[in-house]
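What follows is subunit A paired twice: with subunit B in the first complex and subunit C in the second.
After this line comes the complex of A and B, so read on.
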């Protein structure tokens, strides 16, 4: 997935964590998931991401998830942080 | 869940794997750390991570959150984000005066009311980390009915006092004594300091036993291997329990017979001994031991 310099990041490359890259814009949700457990948990990860985007009412967004075996609470938390950072950046406020 | 606070185990607030696993080590209390364990660029992320975890899973033990100090830009956001999660308490670093504690009390009250949480639900544990804080320890402990524990933040205290660190922590003996004395005077829990040398279990155990001798009933820990060692030292042994049972039995028998002098194995038993014996039994029971 290609991002501009406006993209924000949240998370880490530690075990049981994930790295989220996110850029607001466009009129669709584009979600790309990279995970060793994608076959089994890809759908659940996608649902966690969508749930957080719904919370914030985000429609147009590009997100890449690099998952290292994160729990659901961590996936939601990292996406939430990324969304808040992106919104703060858009509003010209410090993240 | 037992009612004791033998161990308060610090869990880094931005480490998802450690947060998920922390409960399995059996500490009486987990403290999610938003302060020293989290870099300044990740304070927002740590708040989101701890919030997400505690909203989803609730460990079967006491829950505390160490917030950032009142002299930082993160303090108020921490309180506003953490109080709605209803932890048992917030741990305030760098508590120096009663006013520090009262300011936190007022902010917690505001957030409790906004979230329809009964006022007074969230308690406060005070970390005392400076010379001024140690000097004011009793006033800090009595500053608010929310305060249920005070403890020494040894590293910051050493820095403030320009002390060199010794292997047996001799230099902080006065501060430990002062914290223990003031905690007992104020009827709050005395929390012993963090000993970060987890690679020396024997030295650590000796340090915990010394703290117990000074009156501490709780130890802050940073490594899972320290938890069992603290419990071992603080939990009464079978021998201590048996002795305490004998003391209480002899005392109760003497009371029933209206005897004047009470003795056990040739030694006089007076009221402080009976009180200590009852404390031992109550503590052992709370720790899950058979009485």
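After this line comes the complex of A and C, so read on.
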């Protein structure tokens, strides 16, 4: 997934963590998921991401998840942080 | 367990017309004779057995379609399989069946001989890495057979697995063909897994880097079974053959599981003076043995015998007199190898003696209890130790189903999840050890007793142990991991998983 310099990141590349790259804009949700447990939890990760985006009422976004087997709470927390950083950047405030 | 639609496919393979589906851990009704046919031999006194491999391959008449065998006692250090298969390939021989007591990652080097059709069938305990992928891409002419250690001995002795030529890596060997695994620069310990091959193969060839001009003192496989001896510079890499020291788990969750397991054992009647046990050589099994050792010291108990693979920790208990005697089909480290060579209480036994179900009493039948690990387990207590969560070949049945069937009480020590993946499932990806032979599951989140064993459950009450049901543990696992999508496996099969009695307990799917 291609991002501009406005993209924000949250997370790490440690085992059982994930890296989120996110950029607000457009009028659709583009979600790309790479996960070592994708066959079993790809759909669950997609649902968690959508749930956080719903929480913030976000419609237009590009988001890439690189997951190394994180649990659901970690996935939601990392996505929330990424969304907050992106919103803060948009509002000109530090996250 | 295995679906009838797969049994139909399996019975279409030439020679497999009468294969039966698994119908119970103790449901075998063997018929026929134990003695597989083997040609008689006459060697004129003074005949020199030491020849080049090239000469030997011609002399034994090795040709297309035959079965060659190897043992895996050199584990991930083996160099003999590559040497022999390469020499065979250079003669233009093709279409061989490779029968190995197991295949390790080091055997990735055989891939070119699979791709060129030198080897087209496999009979083993495990296959992993590149050979595993080759099998799961459907690269073989017929499905690979995955057997238990006892099941392989049974297949050899009944003639179901006929070996044309056994190539036995021998750390020490004399000119008459006596050989052992405890001496020489490439010592590997017990040669238990090579013994059935030596006894029943049409031709037996020792491959050694430790040729002795004088007869050996310690003999594992006798000269009467060995037709030829050939020498090489090195049969393997000592670093891959044996580890230098034992690995005791330091992971807190694993230590908790191990302590629970020891508490479970100590609460049952199977923990008594003169008990017989088997601990695997994984980190948790060794840690459990450590806690059991403390319980034994407290009660002033000793074990009459230990059975199974040996590591330094087992040797320590043998030296302390806490284990009175040891029956050993395989060694994992240098301490164990040295003990086998020097300690008269430490006995080398064959894979058949250890675990063959079609004998009057394999040594696993002595076991009061055994502590084993698992890749996955399910709510029916079926265990998988052969494939990962996605159905990919990873481990090996080894002696797991044999020890589980033989022991009065079988404990599985296993973390409930590995990373995000739950290891307790509704159905394991591959059934290797039937739940009928598994009695207790010990995890860091609780202990579940198989409902078939209310006697054990009764013993554990009021002992302060976190007892629960397997269904409750399964719910816990799902709650922690989140809901997983069901695993879709191909209908095409590339391997069959044999239970120790020769019935088919599951299949391996193409990936």
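The criterion applied here is as follows: the second predicted complex is superposed on the first by the 95 of 95 C-alpha atoms of A that agree within 3 Å, B and C clash if a C-alpha of one lies under 4 Å from a C-alpha of the other, contacts with A are read in each partner's own complex, and residues count from 1 in each chain.
We adopt the following convention: a residue touches a chain if its C-beta (ideal position, glycine included) is under 8 Å from a C-beta of that chain, and two chains touch if they have at least 3 such contacts.
What you are looking at is a predicted structure, and each value in this text was computed from that prediction instead of being measured.
**Student:** Kindly say whether there is room for both subunit B and subunit C on subunit A in the superposition, answering fit or clash.
**Tutor:** Superposition result for subunit B and subunit C: fit.
**Student:** Could you say whether A:76 touches subunit B, subunit C, both of them, or neither, answering first, second, both or neither?
**Tutor:** Only subunit B; A:76 stays clear of subunit C.
**Student:** Quick one: is A:9 in contact with subunit B, with subunit C, with both, or with neither? Answer first, second, both or neither.
**Tutor:** Neither subunit B nor subunit C is touched by A:9.
**Student:** Have a look at where A:84 lands relative to subunit B and subunit C in the superposition and call it first, second, both or neither.
**Tutor:** It touches subunit B, and subunit C stays clear.
**Student:** Counting touched residues of subunit A, say whether subunit B or subunit C comes out ahead.
**Tutor:** Counted on subunit A, the partner with more touching residues turns out to be B.
**Student:** For A:34, is the partner it touches subunit B (first), subunit C (second), both, or none of the two (neither)?
**Tutor:** A:34: touches no partner chain.
**Student:** Using C-alpha centres in the superposed arrangement, which angle lies between subunit B and subunit C as seen from subunit A, in steps of 10 degrees?
**Tutor:** Reported to the nearest 10, the angle reads 70 degrees.
**Student:** In the superposition described above, what is the shortest C-alpha distance between subunit B and subunit C in Å? Please give a whole number.
**Tutor:** 6
**Student:** Where on subunit A do the contacts from subunit B and from subunit C line up?
**Tutor:** Touching subunit B in the first complex and subunit C in the second, residues 15-16, 70-72 of subunit A appear in both lists.
**Student:** Note which residues of subunit A are touching subunit B in the complex, please.
**Tutor:** 10-12, 14-17, 70-74, 76-78, 80-81, 84-85, 95
**Student:** Mind pulling up the subunit C residues that touch subunit A in the complex?
**Tutor:** Touch list, subunit C to subunit A: 389-390, 419-421, 480-485, 487.
**Student:** Can you check the complex and tell me which residues of subunit B touch subunit A?
**Tutor:** Residues of subunit B touching subunit A: 14-17, 19-20, 44-45, 48-49, 51-53, 55-57.
**Student:** Given the complex with subunit C, which residues does subunit A contribute to the contact?
**Tutor:** Contacts found on subunit A: 15-16, 37, 39-44, 69-72.
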